[in-house]
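One structure is given below, represented as structure tokens, and several questions about it will come after.
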Amino acid sequence: MIKHTTSLRVRYKETDQMGVVYYSNYLVWFEVARAELLRNIGRTYREIEEEMGLRMMVLEAECRYKSPARYDDLLDIACSVTKLGNSSITFTYRVTRDLDILAEAETTHVFTDITGKPKRMPQILREVLS
Amino acid sequence: MIKHTTSLRVRYKETDQMGVVYYSNYLVWFEVARAELLRNIGRTYREIEEEMGLRMMVLEAECRYKSPARYDDLLDIACSVTKLGNSSITFTYRVTRDLDILAEAETTHVFTDITGKPKRMPQILREVLS
Amino acid sequence: MIKHTTSLRVRYKETDQMGVVYYSNYLVWFEVARAELLRNIGRTYREIEEEMGLRMMVLEAECRYKSPARYDDLLDIACSVTKLGNSSITFTYRVTRDLDILAEAETTHVFTDITGKPKRMPQILREVLS
Amino acid sequence: MIKHTTSLRVRYKETDQMGVVYYSNYLVWFEVARAELLRNIGRTYREIEEEMGLRMMVLEAECRYKSPARYDDLLDIACSVTKLGNSSITFTYRVTRDLDILAEAETTHVFTDITGKPKRMPQILREVLS
């Protein structure tokens, strides 16, 4: 299935007094990785919101932390689409620094209209995602 | 003029690897202090947005950091309205931990409609704020 | 087992342009809930770090989002200790607004020394946690 | 004096329910811009901390918001060193999106040792910064 890797550098803001990246920041990187995966296949999440009138509401997020990320680390966030339902989508992530796996994760989202009502994924999107 | 003090406890998330609170978080505390000042005079910022259809867009923020805040510190954020224009408002803040002054700041905002166009402050709000 | 409920109010900073709370912020609230659970049984996480020389590194976090939290909502974060290993601990969380369940989650942590090496949970802590 | 421009893309996390970027996030971008300015002249902030044993504590931050940044915007953060004291340094920032100026800001920092005691800026750093 569709896969894309995004590189990003750890910001000072993302560290905590343990000297490593605070755990919630990984979920922000996953958002960036999803957006870049979409951009890479010729779509943008902005377009999904503005032109298709849809939102990708998160249903579930799970992350397994293997080894801490640190300030100024250059990380790779590999992101794949691993499940496509009628109105739902699951992404899988792997965070690496060189050869080290720092974290593995999944998030599942549902397509909704602006009021939060679930909607079928548009055909045009389904095609590029599968 | 109107003044209100809000207490809050420093979250681990707000620290960085220097072992102190990262500087942008003070601006978040100021937002909390503004909201609590409004609540204290019988209004809420939610109401300003939802019922009055207004936004308080920030024009300027300035913060002078005197002494670092640390994890689990119980802080007081004193917030006062120090200037009221036709459509603008300035708040002044002082962050203290017991007798220590940790930071002093000001933010200036303009009332706008949902499209960002400046609007006069509603009379009902002006009265409680002055 | 040990259980404690912490109340907190949603900050404007925690919302996103979908008009609801951004998903990573729930993990920050869980951190606050863990800290308050510890404080409630007479310990603080600051003490675990400063006096016991330990860290509670996160191994895994999972959150299921049921219904969105919104700006200014007053939320309850119920937090329980649901598993105690030799050096690991699992917390379970339920986020509610009045009678609505907004999210359910678990996080698992390992006690380490300052270098990240796993350590047995101190007996003094095990006693109050079980 | 030294100047460097860093490009970054607005994250969804950085928006709020007003549909624009929340004001504290600009300060995070300034941190990224400072780090990239240093990297561009052959130094890193990580090195200043780890090898020189120094910290750049913020003394003051001021930001004037001209026009809102939005989700997925590609921004340029121009950063210059505009003042160099014995142990202090001032950076000036301009945030632009194409030809639009979104914000202008300054931050002033003091070099300290790990305990927070002010230290003279190392000669090796002063040379590359001026």
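We just call them A, B, C and D in the order they show up, numbering each chain from 1.
The criterion applied here is as follows: contacts are C-beta pairs under 8 Å (C-beta built on N, C-alpha and C of every residue); 3 or more make two chains touch, one makes a residue touch a chain.
Everything quoted here is computed from the prediction, not taken from an experiment.
The chain with its Cα centre farthest from the Cα centre of chain B is A.
For the interfaces A-B and A-C, the C-beta contact count is higher for A-C.
As a whole-number value, the distance joining the C-alpha centres of chain B and chain C reads 27 Å.
Averaged Cα coordinates give chain A a centre that lies 32 Å from the centre of chain B. If each chain is reduced to the centroid of its CA atoms, chain A and chain C end up 23 Å from each other.
The multi-chain contact residues of chain B, meaning those touching 2 or more other chains, are 12-13, 18, 24, 28, 71.
Residues 18, 23-25, 27-28, 55, 57-65, 68, 116 of chain C touch chain A in their complex.
Interface residues of chain A, counted against chain D in their complex, comprise 11-13, 28, 31-32, 35, 44-46, 71-72.
Per the touch definition, chain C reaches chain D in the complex via residues 12-13, 15-20, 22, 24, 71.
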